[in-house]
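The two complexes that follow have chain A in common; it is paired with chain B in the first and with chain C in the second.
After this line comes the complex of A and B, so read on.
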């Protein structure tokens, strides 16, 4: 079996373990779907007339607008959970089992990210199901939904890369867990929950350059308007930047861990 | 370095100012069980982590199965099985899932991995519990599972880091039997332990490490023999200790007394000298409460080399007690 095929088998096996682990530990699974669903229900129920504000982009409903935000929140939590799970593996010594095996060390991170990506995919499908069930139209049709699902899945993986890097560097689940509020800050300072044009300074400027705004727009556009190649491309570029950051930091943290033990 | 299963030269590891391992040398032959003894914090686990490529040395070099632990780390990892101090098991996985995952990590094809996983679960008597989550296993079951996982690719060299720490005597004996069985088929075993009896029972050679330095190395029997002859330990019931010492001094060399009612006398011929000791005391009118023949133990070796007792020595010395 070639080296690549072996590594892919390892990534698949570790990814499956990661998914099983999430489903077997409800405290990991619940926040990923439950919190964003609750927030979606509260926001659409309580602030639904926001769509009437001058400058609010034309949408069918606030629920249709908010679906992207809920997916973004879920994927951020999935990425954070992935980091926590890796840190728990480090704390209990499970990662030593992986380090002591003749596998490429990047497969350890990729395996974890494969699981995170699967959670991202699940959350995207979950919110599409909720949106459709409550009357939201998907303007981009099946192709548009597929693009949104793809972007959410890839972003979950990218965010998971950063969570993994922090886990590898610190080796402590509580530190990764402590980043949860930061996840929300990053999201609230993006266009995930509110249009950038209606924000006030300095949030507006921050949101304009926040890579998560580009991703949120890339996910939202196929839902509220239809497929837009430019929005999709910008979202992919933003994801690529986060992936590069996460992978770079993870590689460094892996080397550091081997040096310090 | 030749074809030893493990060869270590001036291996060092420092953590900032702390020199956890201070330039050790050791050699383990193919098919040998090597017991690495030392108290907590002596440098045992740090050494194992370097030899298993989990930690980079800060000095010296080491080869395992003929491969350099730094330059050929992946080849080392393909040749070794590792069961670390705390059984690194995911409590949410089942035993079967864990061993199958380990087979994948070792590059075994799916069908072969599944076959070996099932066979190993049977071998370590976990077949019935194979589909239960590891979180519900007892300490002994976890250790056996960890050992089985380390064996899935039939490694040439097996590292066991304190494999029986915290286990009950029955579970400990089960692990010992398994280690012996593995060694019988040619597997080299590098075993760290705090238990003297474990090293004595299993190891062909032991290395004693203290404060990052190897203070003694060799077959257990040779190390103990180097300390001298066994001694008789007498607990007096009646009569003066001076009289008892005078009588015993005619039989063998007196050792420093431990208290006012105990006499220690070294005997060249071991048990064969006991009747002479008893006769001499009887003729001197000394009544003995208890008498025991004490052979030098690995703890005595440790004390002789470091001045301290080894932690975790639950078994004490090796005594044949005769109570009057």
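After this line comes the complex of A and C, so read on.
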């Protein structure tokens, strides 16, 4: 069997393990869906009048606008939990056994990211279901929804790559868990929850350049207006940048771990 | 001739036990300061983030407070109290998992004393994130609430942390696992934020306005906020106090019931 085929089999096996592990422990999934759902309800109900502000983009409702924000929050938490799961594997010695096996190192990270992608996919579907149940219209139709789901899933994997790099570098679940507040910082400093033009400085300027703003807009546009090739392309570019960062950091962390043991 | 040893009065022994449990919680902060960081960081990030994101809401007709910082800071302080109280529940769950609570249960200390130690420690500890958020908010533009406003806010924060600690302890004693932590935290988050946290009642969506009207914590939020957005009055304070007493009575009783049901 060729090397690539073997590696694909390893990724598949580790990915299935990761997915099973994720869905076997609902307490790990709960924060990923419960917290963003709670915040979606609170922000939609509490700040729903914001759509009347001058300069707010035309949307059917604030819920429709906020769906992308809730998905972004869930995918960030999914990425963080993927990092935690890898750190737990490191703490328990499972990754050491994989290091000793005749497999490519990158398959260890890619296998773990499969579980993160599954969580990202689940969260996108969950928030679409909630949005539709509470009357939000998806202007881009099924194709638009599919684009949004794909972007959310890909971003969850990309963020998971950074979580994995930190897990590989530190080897401690509590450190990765401690990054949770950073997730919120990154999102608050993006257009995930509000239009950039209506944000207050310095959040506004930071949000203009935050790659997660491009992803949030890429996910939001098919929901509130319809498919826009430019927004989708910008979101894909931002995801590619995060993937490259995650891969680079993971490769470095792996080399460091193998060197120091 | 040896002097006869007088028995320590029960009330003094109980107070000493509560004091010892509070000292243990305080030692945890001193020995592991990093453990307090999430409880301090989370409400601060929420304050800064929400202010940056939703600050323009003050431009809406009907939003009579000019500064969103002033409107939001008491909510973030109460949120910090909620997180701190929930963390007390997580710590109790850890004590259960590690067998520490078993040792306390076989001691002669009454169950209510063990619960009071946890709850009062959380009340005191909640003043740390509250002070941190306030110290960040004041230079950013939050109005000075005056001494009376500050005292009322801190009273609300301490009592809210006690409510959250009762909730967290009840769940910890029921599930006996730290994995109940999300339930402890999300319950408190919902209680504090399904109120007039983001906007005045008139500007909330109708469904949230209905929820906020029946949520007792709305009165707590309004009482804690009054010094920041106007003047402190008894009429603005007593509903918050009544709400907190009622919440403490209900959740405290439930937590105590779980504590009494817990066997070694």
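The working rule: the second predicted complex is superposed on the first by the 261 of 261 C-alpha atoms of A that agree within 3 Å, B and C clash if a C-alpha of one lies under 4 Å from a C-alpha of the other, contacts with A are read in each partner's own complex, and residues count from 1 in each chain.
Here is the rule we go by: contacts are C-beta pairs under 8 Å (C-beta built on N, C-alpha and C of every residue); 3 or more make two chains touch, one makes a residue touch a chain.
Because the structure is predicted, anything quoted here is derived from the model rather than measured.
Once the two complexes are laid over each other on the shared chain, residue contacts for A:256 go to neither chain B nor chain C. Applying the stated contact rule after C-alpha superposition, one finds that A:93 touches chain B and leaves chain C untouched. In the superposed model, A:49 makes contact with chain C only, not with chain B. For chain A, the partner that touches more of its residues is C, with chain B and chain C as the two candidates.
By the touch criterion defined above, A:230 lies against neither chain B nor chain C after alignment on the C-alpha atoms of chain A.
For the contact definition in use here, the chain B contact set and the chain C contact set of chain A share no residue.
Chain A makes touch with chain C in their complex at residues 27, 30-31, 34-35, 38, 41-50, 52-54, 178, 180-181, 184-185, 187-189, 193-194, 198-200, 202-204.
Chain contact summary for the complex, chain A toward chain B: residues 1, 6, 9-10, 13-14, 17, 20-21, 24-25, 89, 92-94, 96-103, 258-261. Listed in rising order, the residues of chain C touching chain A in the complex are 37-38, 41-42, 45-46, 48-57, 59-60, 179-180, 182-183, 186, 189-190, 193-194, 197-199, 203-205, 207-208, 211. On the side of chain B, the complex with chain A involves touching residues 15, 46, 49, 52-56, 74-75, 77-78, 80, 82, 84, 86, 88-90, 92-93, 97, 101-102, 104-107, 109, 133, 149.
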